[in-house]
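We call the chains A, B, C and D, going by the order they appear; numbering starts again at 1 in every chain.
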């Protein structure tokens, strides 16, 4: 049954163990900071037209629609892009990432079952039915803390530095370890856990995938400090919207068998991670293109406020922002147009997805650079919102910050620009744009492995074969 | 009737006035340099599967198929991409650019007729029928020599610095002026002339579009020196393939009315130039993506020959080359997926087309940089092909140029790399990649004018409207 | 008499009108935020070896030593570089900028006196004596708020958008207007006001330079919110050190004649701004080189903590940081080696100074990019200092954040990296590095005007003169 | 005795074995291509003020003056810079590189003698006296052909892929192998051979340094084809000046003991290579700064010819060219200001030298990019010099290529621009700027090894030590 936002909010008051800035949080829905992340997730359930009628599962969220072809992938791209716009440029992850994981598990479960005579596909589809019928909010915990980067999971000094199976019981398994960067884990209903990387036989206890409710015993979320809002009375967009990440601790958490989707089939860990990465990078380029509108719009308004919208260097920066946005969208369209159809499910083309994602990794910094250049030094030294509210100061501020628009309007625009380009939020977003959904180095290594060089090699070999010396 | 390559070759022995390096060329098909440009154009007529059955015009070249929808534009992209691959990475322009111009004229003719009660559409379609039924090779002369850049056509000191109508007769018009950068003009059957830019009323004598046979009286082609081949016995790919550009002089050339497609409707010059630019940039990103394979393949082979294919900096350059190629292709796919349908004809989406083209302008230099970095200084100082052929020297050269492959193989790879990245060809291509199909500055100005900023502005205005200070 | 830091602190408890976050500050030396900026300035007075024996003025601060030659400029570069290192990578502006202004005024006063038969030089030297003998802390207010960028001072709708003379009295002048970006103005003893730009005759009331005590009647400082520290319990270096900027209001402030250093000599405003910009950019490249060490050191430690110090992409980023630092230093050395000697005073070579400064404007963003890339996503999602202090969480955090070093050490390194590259401080510094001491666009225009192109032109003209065609 | 240019020319008619494009060259001084390289070298002997009075050696070339301090290094920088300007922007290597090698050998000879009780210093100084008194032209052959890059000299499949000692005789040694990129080797009097890299004990037969006359038996020069001139009647600067490189074969060449400067002291090969690289990179940044003037001047003239010298994008490119030139010069000055004094000889500071050189490697491509962007597509498609000479065509060309200057002037400027940015010369220079004097990768590895990170580490450790969590 589709849920209302209120039903979602009630559902996360479930005794989960969440820490924020050194304190256990009793109720995330009323906590002064976390409630905003809850409210953002809740907003997803308010979206008009967010449901469709599935022949098998009835009226369910569009995020969970299994893509079968180009049209479905294009629709998924638009859904993520438009929802991100609707939520003021901020991605709303809680059903997007869950479906990225579920589609990957569906494809891989078939493959693992075929090779190992397991029954994962049945488990995955039963869990999928549970998720879609209950309209759940899902987080995915994939990135291990990784310890020494040059060592494999089973080679680490502390064996828990990748999450692993520490006990096998009749009714399920017990896992121990930690995952990092779990976006919206603290406010989700369920956590899907996936392996981070390809593994070797010695890593078999680390080759595990499963789902677990957020209030499971032993599961603990240590939330990042939301410095863009918490303690910052000059927040603009961040005063109303943000998502939270956590260091997610699994201290001997029990998982019943029907929620285990991979267990010691070590050669399947890499492919599963790959499918998820591909789906999730497609999601990423879709929301990043929408977020880019915040920067593009702010740059336009700031340029006009400063009276420089026709200056050539301003034009160059704005073109860069357009390219940032549109290369993401072009990549998503091309990825949908030439999908891989695997086990009857459409996977976005990994080359176009990765090209777009690599562009986004490398060039978000140019978007920030451009916005700072257009806005001017004012964003570093301007008075605070409280100063504007003080009647002794307000007159001076509005008089002296006038540009090609009045001082109050320019102040507000610059306050948003400060947040987008010269604040904790900017640093947080820049780090995310560089590292989230897989680092540049990892994506490049993947690209070199997957890319089909045959066309280029044949061409050059043909040219060389004609050379007579 | 579809032509054979031999028929095409015979057709250009027509007395046209062509100059090459200070000499009038009697027969371009036997001239030691120009015959190679002729042979390249002729090759187009040898392509298997180059024809289709048109319901109105019978069996004609696929290049002339009027695009009506996404599918047609995708097919056109693939046609240009694959032909460029087939011709060793070199674009073959002679029907691609002609159809770019004809589609633009079809759309604009309808619009001009609607506004000015002219009969251009009928003329254009009659000329189109003539072209497709005779399977002609076409060049487009659009870029004027432009004189002082800061002045409009009618403001130039010498009124001929943009091509213009100098006489109006009962049977047609007489034009005078010159066009530059006319690719394959000297080897085409027909030249289509289009206005270069938007015009004002004072420019009305410059607002002219028409078609003219290459051997028309008063038409003169001064061909660029083909320095990548002519005088260079170390040419590799250029020994077999190149196209030529000309400075194309119109010295009082007469055009009969049925070949005149725009005449003094000055407000229509800009839109016509825009439609052609959009089609032709779509063509450009399609062939540039194919040409990129030469660089990608050469980089791979050079890296292997040097034994450094796994070095991280080599990987980074190759990823850049992949991105160069694939951003072109993504742009073409997206442009086909969201076309503008105008007067029943599908125009590639100008935003994605221009984003890709701007990327290509700016980043071809990185492709060259990468190839030089991978190859090493050898490409600057290596012996000539003649040295390799001298038996006293050959042993030394093949002994000492051995790398991770034998010395002869490495020599050949490096000879191609020299041509692609450190030769006259490289300079010619780099200049073309930066300037052809419209400069970066022009494309940026166009993008700023056309881009729909509404989405971004609405988002930011909504965010700001919530800010209470 | 040289002062102690305590004497400096007492000296700024003088009733000045300072606002911070909407409240009038009674005593800046005890205010929870501003006292840190005071303490940083006070530290300057604790430096060992900060004094020298001047033949004319006795034992005074080295910052005020008038440079006469290469050796003096090199010593000044080292003084600023080493003090910035000493103060944990943070520039300490309060005597550096004052001396930049005083040297400029000395040179220009001679020139103005020569042309206009004024007695500015005497006033400037008397004021200089007052400053150096009392060992004062000085701020410079130069940047006007500027209103509409395309209009001159006297063309603005509101005539106060550049600071101007509004009344001329027997005993002095009254000025009105505002200056922005006044670094450490709120904690300085004296404010030196300089014109921002070149002026025309209509701007003569805006052509004014003077000095004024910080507690002058009508002078008001609206301080920027120090978001890197205030409200942020995760601050590291910012918990102990920062400088503050203000929007500085001059509401009918009276200036006695002996403190007026330029008055309506409008043609001298541009040259005065130019000399100050040149001195201050030399100061800037000197401190920026020192600040770069924070980034270089943090990058090294983060790379080692992650176990990736030998990865090629890490090496590339570190080389970029070295280049950032050393191009500043090379520029400072070259600027000292080839000074302009004007009115007997050595001015740093403006070409090398500006080249270095432009490099610094454009490339600080690469320094941040590199640090984020090396550190990883952890800096966006890591727990807070408070979490580490909670015993229920500390064990998990230190266990799971272990890398190639133990978890606590890595946490601390990453906390500093977060501050340097992904926090409000990073945004503030990045904005400063792009805009402070003159924007890129302004510096480029200046460079084009000043640069001596003769050498290049003569060379090319000689080459062309040999070309016979 | 100082020589005249004529004496130099006569001295190289000595029976040396030179091959050009597959043919043995009888007399390089009359060969249609090689004589130009000879003439360029000969020009060095015509320079006014090229000599000074040395207390020990009498009147000798300034290039050979042993640098003892900052002043000497600054003078050496200016000498190379100004000679490069004098020779139309083209470096004249034949005494610069020889002295780079000799200074390195002097320093190292002392060190080797100290450790191994050899008498190399005496040999080096005797050879130095021979060189300076006879005013010789010297080439240095350092770069081995290197075979498989991942293998050390003694590990190569063919032991000759690094030059090595194959026989030890009473009167000297016999060497076999090849060196590549030997600039002006074919026109020098003497070749100094240096080891390319650091070696291990197994490489001891490769640890060899010596000098040999260019006409020694068994020494063979295979010259690169000079494609920028040979076969190119549109050459401008290249019609009068170029240097040549060779693949230099040592086929069992005998070296008498008094010309052997390193022999099997394998641990000294790396340091010797390092000293030479440091001197020669100082030379490189000095001449590259001068060469940059060709580009800067051509860009200025082309911008004016096109009437766009005030366009902002043109200004940006020109600023880039200024930065390219001046960062080289700043680096040279700083390197002279803080030299290493070793064995009484001043070595340019390696950090500033390498920073400048790395900047030059990476950014020459931007110089070319800028020049192409400013010039426009004309440089790819313009008529040939022969067309301009044909009276039927000349009128059209000069009429239609008029810009903001007359057509003939613009043609000539563009012809030079074509050569500098879009020709074989451009490719050759770009390759040289990227690879000559050591690749970027090699320089980066060296920098990481040598750079003093202590300052940065101490700063960050001090900051971290204050952090209490």
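The working rule: contacts are C-beta pairs under 8 Å (C-beta built on N, C-alpha and C of every residue); 3 or more make two chains touch, one makes a residue touch a chain.
In this text the structure is predicted, and so the values were computed from the model without any measurement.
Colleague: Chain A-chain C contact: same residues or different, taking over half shared as same?
Modeller: Since more than half of the residue numbers are used by both chains, the interface counts as same.
Colleague: Find the chain most remote from chain C, comparing centres computed as mean CA coordinates.
Modeller: B
Colleague: Once you count every C-beta pair in contact for both, which comes out on top, B-C or C-D?
Modeller: If we tally the contacting C-beta pairs, C-D comes out ahead.
Colleague: Measuring from the mean C-alpha position of chain B to the mean C-alpha position of chain C, what distance in angstrom results?
Modeller: Chain centres of chain B and chain C, defined by C-alpha means, are spaced 51 Å apart.
Colleague: Centre to centre, by mean C-alpha position, how many angstrom separate chain C and chain D?
Modeller: 41
Colleague: When you check chain C against every other chain, which residues touch at least two of them?
Modeller: Answer for chain C, listing residues that touch two or more other chains: 311, 313, 316, 388-389.
Colleague: Is the way these chains touch best called a line, a ring, a star, complete, or other?
Modeller: Basically all the chains touch each other, so complete.
Colleague: Which residues, counting only chain C, touch chain B once they are in their complex?
Modeller: Counting only chain C, the residues touching chain B are 311-313, 316.
Colleague: Please output the residues of chain D touching chain C within their complex, sorted ascending.
Modeller: Those residues of chain D that touch chain C are 85, 88-89, 236-237, 240, 293-294, 296-298, 300-301, 315-316, 318-319, 322-323, 326-327, 329-331, 333-334, 337-338, 351-352, 355-356, 358-359, 385, 388-389, 411-413, 415-416, 444-445, 447-448, 451, 453, 455-464, 466-467, 469.
Colleague: Which stretch or stretches of chain D touch chain B in the complex?
Modeller: 19, 21-24, 143, 145-150, 157-158, 160-161, 178, 180-181, 220, 222-225, 227, 230-234, 245-247, 249, 251, 306-308, 311, 313, 365, 368-369, 372-373, 376-384, 386-390, 392-393, 396-397, 399-404, 418, 421-424, 426-428, 430-432, 434-436, 439-441
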